[in-house]
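Just so it is clear, A, B, C and D label the chains in written order, and each chain counts residues from 1 on its own.
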Amino acid sequence: MLKISNVEVKYSNVILVLKGVSLEVPDEAVVCLLGANGAGKTTLIRAVSGMLKTQLGKVTDGVIEIGGQRVENQSPEVIAALRVAQVMEGRRVLEQLTVEENLKLGGYIGPGGSRLKADLDRVYDYFPRLWELKTRTSGYISGGEQQMVVIGRALMTHPKLMLLDEPSLGLAPLMVKSIYEVLERINREEKTSMLLVEQNARIALSIASYGYIMESGRIVLDGAAEKLKDNEDVKEFYLGLSAVGKKKSYKDVKHYKRRKRWLG
Amino acid sequence: MRMKMNVWLLLLSLGIFLAGSSFGLFGYALAQEKGVLDRDPIGSVAIFEINDLTGPTSDSCVPHHNGIWDVIRDVNEKGGIIYSDPKTGKKERVKINFEWGDNKAQAGPVPTLYERMANASPRPIICYMGSSAAGETTPPWTQRDKIVQINAGGGQPGWYPPRYAFTINSDYPGNACTAAWWAMKDWKSKGHTEAPGWAWFTLDIPYGRATIKPESEAYIKSLGFKIVGTWTMPFVPVDTGAQFRSMIDAGANYCYGNLVILQQQKLMKDVTMLGLKEKIQVIACPYGIMEDIIKVAGKDAEGLVGVHNTAFPDELDKPGVKWAHDITKKYKHAWNSDSILGCAYGKIMVTAIKWALETKGYPVTGEDVYNSMLSPDGFDTGGLLPPVKFTQTERRGIWKTHMRGVKDGKIVRISEDFTIPDMKPGGPWTPKE
Amino acid sequence: MLMSVAEGIISGIMIGGVYSLVALGIVVVFKSTRVITFTQGGLLLMGAITGWALLGPAGLPVGLGVVLTLAACAFLGMCLDRFTLRPIIGQPILASIMVTIALAWLFDSVGTLIIGGGLRPYPPLLPHGTYKWGRVYISQSLLLQFIIAVLLFIAFTLFYKYGRLGLAMRGTAEDHTVVQSLGIKVTNIFSYSWVIAALSGGVSGILLASTLGATVGLSGIGMKALVVVLIGGMESIPGVILMGPIIGILENLSIQFLDPLVGGGLGEVVPYAVMLIVLLVKPYGLFGLKRIERI
Amino acid sequence: MHWVPCGTYNVNYRQDFAIFRTKPHWISLVVFLLILFTLPFYCSRYMLALLSTIGITIIAVQGLGILTGYGGQISIGQAAFMGTGAYLSVILMQRFDFPFLLALFSAGIGSGLVGVVFGLPALRIKGFYLAMSTLAAQLILGWFFLHLRGITGGTEGLHVEHASFAGITFNTPQNKYWLVMVFTLLAIFFAKNLMRTKVGRALVAIRDNDLAAKVMGIEVALYKLLAFFISCFFAGIAGAVYAHYIGFISPVQFTLQDSILYLGILIVGGMGSIMGAIFGTVFMKLIEEFVFVISPMLATWFPGFGAQFFAALSLAFYAIIIILFLVFEPRGINHLWVVLKNRYRLYPFSH
């Protein structure tokens, strides 16, 4: 579905943020992208969705293909028309609009009419809570509900590929769990491929089939989710467990060594 | 070889020069025999103009500009100002250089416009200030530079104390007096005995307010009016009902204002629409009762009266009007009362220069033109304007006005001539403190 | 006294309807592009002049003339957005203020180029009579203008509430990035709102000019509409439709009762004075949304 | 990037603070001043009038630059504040027999105080809202000029006596030019130095983000009002000088269009720079003169169009120039100048 090879992104023609990143999201698969703050995950998502331009960024090298079509440096509208939906970081609901209006706006590029109605019903089916809230101004609902709105809005376009940027950020654990359940269901029922950017590696790896780990603008590690879960480094740095399943110790000299290898 | 060549060239050019100059001399001698038109003009005189060609008052200023320009173009095409030289007694002619500038109804551009045009070469001797902003600012300068200044409007204080500024118009307060004089006659002819109410309409610009002076109010009161107040007209009136209602509540029977056609036609439309025509008589200033008012207000213009001082455009039997009409048509400009005024300005400027040339000979200075402006005979405009005459102490040229009214889609004269009173500050009508 | 107050109020409402009509365009542009336009008066003027040219000298039938005028206005609105406002997206607010003012100047001078400083008569489009109740008169043309303003107001409200494009415009007003990510072309939305503003300018231009004649001074009404918008709150259509008549009434009453006392001119100043007071007391207008600013 | 001339090192604070650093700097300054002040001896009166109006406009625009360019507070009322200064100075001199310089200074102060009153909304609002409230100031002050007939002379305006101090009466174009130029230079000098003080830096901080400035401990309210005061003080001085230059004041001289034009000048010249205001004024005034000179010529060549057709061009020119600058060079002429200067300084090396 999505194929990124050797992509390089610069901001303002000066700041090199992504250095030769390659990544692949197979059809109907969930792939997660893990990494610390500032690793360049959001930039990668923006590079795919075409939102770099508003940040003065540019893909200067490499190829991004969506469904076999090259899309680097395309405008967001073109990419959205390829049925790529983006869930941006930080629950960006349109606060002055009601929940339903938010969802409707998601279906703006769709055919409208009765299809719109059906799409709305589908979203309410995934998120029954939104049905109850549909006339509420979305600025005044809770964070988890806002996240539902945003995901629902993305769903309105019948996406083939969803780009999810930190859907769990700032949410209560129970809410995270229920949202991930819905995501899994969407993937299963709608055959939507997903690129999932997360800091919460545990939950991400629970639904993803494949994972990539990013540091300082590079992919440093990748592998099937099961394999990653067993990787000692991943365990230590992303799942918060040391090699023997204990709390990590700062005296562990190897810590630095391993990290260095990744950076190299 | 080269040396020889040069000598030949020299000889050749000498030959050409001799032949040419003798031919030229011959031609000159020949030209002396023929009329003045075959001779080169002896020189040129300069006139300049600062006018509101754009901005809120431009719809009357542009025809004035056109009139002046047409007159000057016509004079130049006919060979210039032809006069008999006082020293030699021979006929001579001078061309007119004409410069103009648009000050956009603002004072900001006036200093540079003025200094550029007043210091051009040849030095201007007469200028026309169609813009109130320029007319008010420049009198001290024209006096300093000795350039005769003709102001369009009759409202500027520029002509008092007497300087180099003249106005060829009835002054704005004087127009109001004419209106009041007619209104009083009208009031009495309707059999009323109580004092009628007088209301002012103004635009919030110098032109609009220039008519309301202590002098004009004193005169109007002396006729027996009671002055009920002043109401402002927006430049673009959406509805003037509020003004009319307030006026009538205050007891006004007549209203007068220095408005241009844009506002005047709206007044007429509203007063018709509100059915107030019997209650209040709208009186226009000269710029409010031009021919266009019938075109834009249609039937609603019926019943409007206004002050005027020029000839009617259809009085083609008057020689001046015929002349102005022909010139205006020649340059394809619209023909109306504004064109008459414009041509009159042009004619008076050209005449003043001609008189100066005939008394002083070329070159003339502004001072000479100034003296000829004060000619005791005054100017004859061939019926375009009433007699125009200036004196040492009086810079207003016109004292005769009359009233016009719209009747059956035509503007007709509805009163005899009226001699306007002296509205000079410190004059007979200035209220004593 | 009471009667003339009543008259003043009623005709004030009618005049205010005209202000609201002009102000609608300003709100439409502001709602989606966050640009406050001083150009609305200029668009109105262009509408009036195009209408004059098509109905007067060209002699087209009224319906066709009006439709063509509106089409021309829509095109103008699009060009305006494409060539002057789009390039300055992202510049400080002064840039958009100055561009719209400069455009207003440009339209004024284009108007002068076409019709000069004078007044061009319009063919009668609106009825020319009055209704009266006792002493209270209502001009039919003003009433019709008011009704058109109200109808347009209802249409706009429905459009924003239920229309697809209206929804997109509201969304755009709030967050450009999100709307872009949903596949909506933000620049198109800007264009559409300018087109709508130009259309409403065209409508108000034709209506105003039909009673007043086409003249360059018409653009001055844009400024008063701006005052109405500001007092009502920039993004509030109800605010505008309410404040227009209130300003009209204020203006009328101050002309009727204060002008005779001070020698005139208050009608033009009072709306601004009121605006100044409202800005001091409620900085975002009476019905505006308060924006929370973060560091 | 602001490059210091090659080979110039600042070894003490005095050098670091100097406006004119090198010998060529000083020489060019002296030559410039010499030319500026000897112009009346060999220049036409037209040139002098042009330069004088440019000088007066520079004072007003410099003031607006402090408020809008540095302080970020948009004002569409500068012409009205200028008018306030003009009227105040004339009234003080005519009615209260103030000497010229005192009247001028008091007019500046008075106009500044009026500015503070109308700047009060700036404490609560900014951007466009502030623009509109200063626009209201323009219209309201204009109403007062027109309607306080007893004091301002209403539409008839006021005739202004020639200014005189130190035994000189300023009554010729030449010495009026000198008068204007002295005040223009003072204004430029004052503005330049003001921007290097605490006040200037505070204003820039407020422009960039007033909340952040507040957090940094800058008295935002105080400085905003101070900016209004200084700006209107400049306007008042400009107005007073203008009144004595032109010799006659009336309400039409201080219109909304002038106020907007001053903003336009600021944009064309480059916001937030002293040189920008100067470049902008000179450029726009020259454009205006250019249109004034060519429009009669065009009207003669194309008589079919009529005079007002070409007269209307000047506003169109202004509009188009402002739009072009905003679209293509929002940093104004000053930026072009800086680029040019740096090119020259770095020549022949590109960086």
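Criterion: contacts are C-beta pairs under 8 Å (C-beta built on N, C-alpha and C of every residue); 3 or more make two chains touch, one makes a residue touch a chain.
The structure presented is a predicted model; accordingly, all values stated were derived computationally and were not measured.
Relative to subunit D, the most remote chain by averaged C-alpha coordinates is A. Subunit B has its Cα centroid 78 Å from the Cα centroid of subunit A. Mean C-alpha positions place subunit C and subunit D at a centre distance of 33 Å. Look at where the CA atoms of subunit A average out and do the same for subunit D: the two points lie 54 Å apart.
Between the Cα centres of subunit B and subunit C there is a gap of 39 Å.
With touch defined as above, residues shared between interfaces to two or more other chains in subunit B number as follows: 53-54, 58, 62, 204.
Counting only residues that touch two or more partner chains, subunit D has 143, 146, 306, 308, 311-312, 314-315. Two chains count as a pair here when they touch; such pairs are A-C, B-C, B-D, C-D. Put simply, subunit B touches subunit D in their complex at residues 53-54, 58, 62, 65-66, 69, 99-102, 104-116, 118-119, 132-133, 136-137, 140-141, 157, 204-206, 208-210, 331-332.
Taken in their complex, subunit C has these residues touching subunit B: 1, 4, 7-8, 11-12, 14-15, 18, 109, 112, 116-121, 128-130, 132, 137, 139, 142, 208, 211-213, 215, 217-218, 220-221, 251-253, 255-257, 259-260, 263-268. Chain contact summary for the complex, subunit A toward subunit C: residues 49, 51, 54, 75-77, 79-81, 85-86, 88, 92, 94-97, 101, 104-106, 108-109, 112, 153, 157. Subunit C makes touch with subunit A in their complex at residues 164, 167-168, 170-171, 173-185, 289.
Across the complex, subunit C is touched by residues 68, 74, 120-121, 124-125, 127-129, 131-133, 135-137, 139-140, 143, 146-147, 149, 209, 211-212, 215, 260, 263-264, 267, 271, 306, 308-309, 311-316, 318-320, 322-323, 326-328, 330 of subunit D.
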